[in-house]
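What follows is a group of structures, each given as structure tokens.
Here chain A shows up in two complexes: once beside chain B, once beside chain C.
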Partner chain A sequence: MNLTLNIWRQDGPNAQGRMVTYQLADVSEHMSFLEMLDVLNEQLVEKGEEPIAFDSDCREGICGMCGLMINGKAHGPEVTTTCQLHMRSFHDGDTITIEPWRATAFPVLRDLVVDRSAFDRIIQSGGFISVNTGAAPESHSVPVPKAKADRAFESAKCIGCGACVAACPNAAGMLFMGAKVTHLGELPQGQPERWARVVKMVSQHDHEGFGGCTNTGACADACPKEIPLDVINQLNKDLLAAMRVRG
Partner chain B sequence: MATQTLLKGETTARRTTVFMKVLMASTGALFVFYVLMHMYGNLKIFAGAKAFDEYAEHLREMLVPILPYSGFLWLFRVLLVVALLVHAYAAFTLWSRANSARPQRYAVKSAAKGAARSKMMRWGGITLLTWLIFHLVQFTIAKVNFNGAFSAEALKIDGHASTGMLVVASFKLWWVVLIYLIALVALGMHLFHGVWSGAQTLGWTNSARSRKLAHTVAHLVAAVVVIGFAVPPLAILAGLVTGK
Partner chain C sequence: MTITNPAADTFGMYTVGDKIADTKAPDTPIDKMWTTRKFDAALVNPSNRRKLSVIIVGTGLAGAAAAASLGEAGYNVQVFFYQDSARRAHSIAAQGGINAAKNYNGDGDSVYRLFYDTVKGGDYRARETNVYRLAEVSANIIDQCVAQGVPFAREYGGLLDNRSFGGTQVARTFYAAGQTGQQLLIGAYQALERQVAKGTVKEFKRHEMLELIVVDGRARGIVARNMATGELETHLADAVVLASGGYGNVFFLSTNAMGCNVTATWRAHRKGAYFGNPCYTQIHPTCIPVAGDYQSKLTLMSESLRNDGRIWVPKRAEDCDKDPRQIPEEDRDYYLERIYPAFGNLVPRDIASRQAKNVCDEGRGVGPKVGDFRRGVYLDFAESIERLGRAAIEEKYGNLFDMYAQITGESPYEVPMRIYPAVHYTMGGLWVDYDLQTSITGLYAAGEANFSDHGANRLGASSLMQCLGDGYFVLPNTIRDYLAHGPFEKVSPDAPEVAAALAAAKGRIDRLMSVNGDRSVDSFHKELGHIMWEYCGMERTEEGLLKAIGLIRSLREEFWRNVRVLGSADTLNQSLERAGRVADFLELGELMCIDALHRRESCGGHFRGESQTEDGEALRHDDEFLYVAAWEFAGGEDGVFGTPVLHKEDLVYKSIELKQRSYK
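Coming up: the complex of A and B.
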């Protein structure tokens, strides 16, 4: 298939960016979206132009490194990561607009690459449990009810790609935080630090310049791991409980 | 701004955006209760302007003699004004935060329901606020009669100015009804998202069942309020209610 690509180009963090249009011919529908960009980059390099910078790592949908705004949708038209999106989701003659995640807390580094270390700092502020390291404890020594284990697992699927922030009309990171708060809050190991965790994480989130939640559900719709919206409810509930417990 | 730094020192839940949302949700819950009561009260117009006036009078006599005459009404008005200030303050703070959280817009506007709903709440809220000022001036503060067909004398019952008659006179004008219908559309949409969103913010929607219930209640409240408020003006315009 033949495609017209409008791609955001930006030389550096402080440079003025612009949309550049490229024509790409003979794209196979079996290519992944990133392979399509690889082909374009090869052509650019052959012509002596700068290739388009974009993030990728595992290319099997589990690391959370890739993430592009494709025609106004985070990770494109399918419920998956950008690397697992294939060109069969597009048609011959399509115009595809590719932009980086847009958020104050995710500044653009170059072209389509954004700095998502704000997420790391949110995790650093409270998204962990404190344990003495050493030999792994016997896994059955702490029983976990099945329903709680399932919900913790469902929330732990978050890969931190940032699609929730990108899709949110307020650029809020609530789904990301809610996933971590729910994941750890459902498990016995997460209880000692539970109330401090939610307050610290939300405070760091606000400090990073993310917006507030308006419960639109755009985040959950965009999430490639299908984290449900109710983790944000859990986050709100834990914050209210933290106010009662911590004062 | 992106910071590259970890927040130092004590953090408190009361300074987070989530707490702002809690303020918005709890004041919103008060308004939901209030509009339901107000809507119920309005239906008194079907019993005539006199019954409507008596209902308004009863509101002033509530909890007398524990409270002075009009005491409860004024306490409730103060509570509503304070709640409105808190609701609007939280809304504008979060709105401005959201704007600075994404200064560079996407070239392709996503058709996602998310963007539409946020716009609907914010601009719908401003529509409601503007209308509210008009509404209060019209029926509470100045009691303005826009309908020249009704003389000051015609608006009186037993020698006293009747709010019920003012209501009848006002809604005999098509454009007044139109203004109210537009405000009702804004109110309905605000309630439709607000009731659900409030339940989510207050942490009440943790199970599939409670989520479904919150959605159902939101639909129901929006429908009941809009229909309940729309019926009296439309009935007056159609000449079904004369106030006598």
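Coming up: the complex of A and C.
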């Protein structure tokens, strides 16, 4: 298929960005979206133009490194990561607009590459269970009901890609945070720090410049791992409970 | 050094140096060894620990676990990684599970059995002492992960569930659906971030190590490039740990992440760290077949699928383009079940891969033709879905089936999967002693970056175990014995060794930027990958390897004359990053071929066409090759690869009897 690509180019964090149009011919429907960009980059190098910078690593949908706004949708038209999106989702003659994640908390470094360090800092603020190496009890000493273990796992599937933030009209990080709070809050091991954790994480989230949640559900729609919206309910419930505990 | 045996059959490719006499394992019975070592290793008073600094390169399971554990202990840790977050290291992509000798199923598992299975699976080319220790710490790993909140799969009673993996007859694999690596890495990452918040660990993201700094014979720091700004930085410490993963991307197409590379370990190798068994690579049997020239990577379908999927091809070549569902049972060849009745579809990876190649070479492969052959075999779930129901299969493998459908456009619930072997893991790596110290004092290597535990073939679900074993339990206990002698004399940022390392890194970048040739970095990488896959892949021969070495040499010469890297070095420049990595792969590839050429036997994943049994199995020559090949670099400046020196470490088996491996 033949495609017209409108792609965001930006030389550095403080440079003025611009949309640039490229034509790409003979794209196979079996290519992944990023392989299509690889082909474009090879052609640019051939012509002596600097290739487009974009992040990707595992290219199997699990590391969370890739992430593009494709025609205004985070990770594009399917429920998956950008690297797992394939060109069979597009048609000959399509125009595709490709932009980086847009959020105050995720500044652009170059072209389509953004800085998501804010997510790490949210985890640093409390997204863990405090147990030093060697201090763990025998794992069968604490059984975990299967339903709770399963819900913890469903929430722990988050890959930290930031699509939820990019899709949210307020650029809120609530789905990301809700997923972590639910993952750790469902497990017996996560109880001792449960209330402190949620308060610290929410406070860090707000400090980073993410917006507030207005329950549009755009985050859950965009999530490539289908983290359910109810993790945000869980987050709010836990936050409320934490406020009560603290008085 | 003395050259003791310049053998006639080395083709002038290498020389032979001194043997490695001592691996520093305590001289006690094997089951007392690790306890003895932990007790004998010197302690560091808690108040002295913060005066001691450690650099760790890589935040996969080994690096993140080591950084978190050393941070908790109170050392001053600096951790470097090329991704934008520590959570993205490629351990995250491991699917199937992690082994541990818990014997929760009462099916006869034990530390000794895990040790035995691992040594046998590695075709008796692993170091016995290290593997025994790994089996010993395996149970602690599960405890640690559960305490961190890793949501392993559980039974309805609330206890942990297990499944089976290749090369074993017990169920000892703990898992979290098909994304166990992700869950374990998130656990280690969270432990790491907790230390970042406490200030014991400092993270350097989007940083790539380009040189090792060695002062007075000790590893004392690294030169790293800040990939976001292009700035070259020097970082100094009392010890350096490389946990930078494997080098499967030398084949261009592999299941590794795009950024996985050998640069950290290769730069250390160039500074004197021996490289152990570089030719031992693992070709994983169950990956999605190659679809076209544009392909950037291959995707693994977890080995755990072999628990419930049956592998087959048509008995007759003329059936190969038929709809598989129309081929009746009697016309199918379930070749693994036929050849290996005892282990069936759960034979080790090297065997499953080679048999897939064999049936495709016979013209019985399935799927679209690539060249003259169809390169694929079926992995069929119809029987399991019939027996257990679709819901049960979905719960175990749902994410893998979805991934397969996403990539191929076919649903494995309806049509059998098509799979083919692909490069997945490298058993070789920096040579380390029992303490995980390399041949450079103060330089340690952990996880896939070292060579020690898997011999010539790694069993499934053992890499996660080794990485976390090294990171949580082994390294923190052994490195303290070294750090107890510190803090070492402070190295000035202006010291000549530091300035020289910085100048070397800068000179290399300048050279890459100034070639200004005609060919893209990727085109060189792809060509190298083709050479390696063709001649140093699933089957190797003397003739092919000699040819490959010639091809690699001329490709490397062309690279330094004709590579095109656009843009500037003092900004984010992904072409430049790749160029540096490919330059190192072009040297490593030659060493891999030399190692494969010199090892005139078949063992595990290293299959020499000239050395096989009557029925086509790997034939070892223990009389000649019962040793680790540890290679010393003897080259010069970038792109110049001198004649490497082979140091042999004899493998001594006191606790296991050497046998011809059999899974029949």
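Heads up, the rule we're going with is that the second predicted complex is superposed on the first by the 244 of 247 C-alpha atoms of A that agree within 3 Å, B and C clash if a C-alpha of one lies under 4 Å from a C-alpha of the other, contacts with A are read in each partner's own complex, and residues count from 1 in each chain.
Convention: a contact is a pair of C-beta atoms (placed from the backbone, for glycine too) under 8 Å apart; a residue touches a chain by one contact, two chains touch by 3 or more.
If you're wondering where the values come from, they're calculated on a predicted model, not measured in any experiment.
Once chain A of one complex is fitted onto chain A of the other, the partner contacts of A:Gly127 are limited to chain C, with no touch recorded for chain B. By the touch criterion defined above, A:Gln191 reaches neither chain B nor chain C. By the touch criterion defined above, A:Gln23 lies against neither chain B nor chain C after alignment on the C-alpha atoms of chain A. When both complexes are overlaid on chain A, the residue A:Ser117 reaches chain B and chain C alike.
Of the two partner chains placed by the overlay, only chain C lies in contact with A:Ser32; chain B stays clear of it. When the two structures are aligned on the shared chain, A:Pro143 is found in touch with chain C, with no touch to chain B. By the touch criterion defined above, A:Cys58 lies against chain C but remains apart from chain B after alignment on the C-alpha atoms of chain A. Judged by the touch definition given at the top, the superposed model places A:Asn2 against neither chain B nor chain C. 115, 117, 124-125 are the residues of chain A that lie in the contact sets of both chain B and chain C, per the superposition on chain A. Contact residues of chain A toward chain C in the complex are 11-12, 28, 30-32, 34-35, 38-39, 42, 45-46, 48-51, 53, 55-65, 78, 80, 84, 86, 88, 109-110, 113, 115-117, 119-120, 123-125, 127-140, 142-146, 149-150, 152-153, 156-157, 159-160, 183-184, 187, 189-190. Those residues of chain B whose C-beta lies close enough to touch chain A in the complex are 1-7, 11-22, 94, 97-98, 100-115, 117-119, 121, 193, 196-197, 200-207, 211. Contact residues of chain C toward chain A in the complex are 65, 68-69, 72, 83-90, 92-93, 102, 104, 140, 142-144, 146-149, 151-160, 176-177, 179, 181-183, 186, 189-191, 193-194, 196-197, 203, 205, 228, 255, 257-259, 291-292, 294-297, 299-300, 403, 406-407, 409, 472-473, 476, 520, 522-523, 564, 566-567, 571-575. Listed in rising order, the residues of chain A touching chain B in the complex are 6, 8, 19, 69, 71-73, 97, 99, 102-107, 115, 117-118, 121, 124-125, 167-172, 198-200, 202-219, 221-222, 229-230, 232-240, 242-243, 246.
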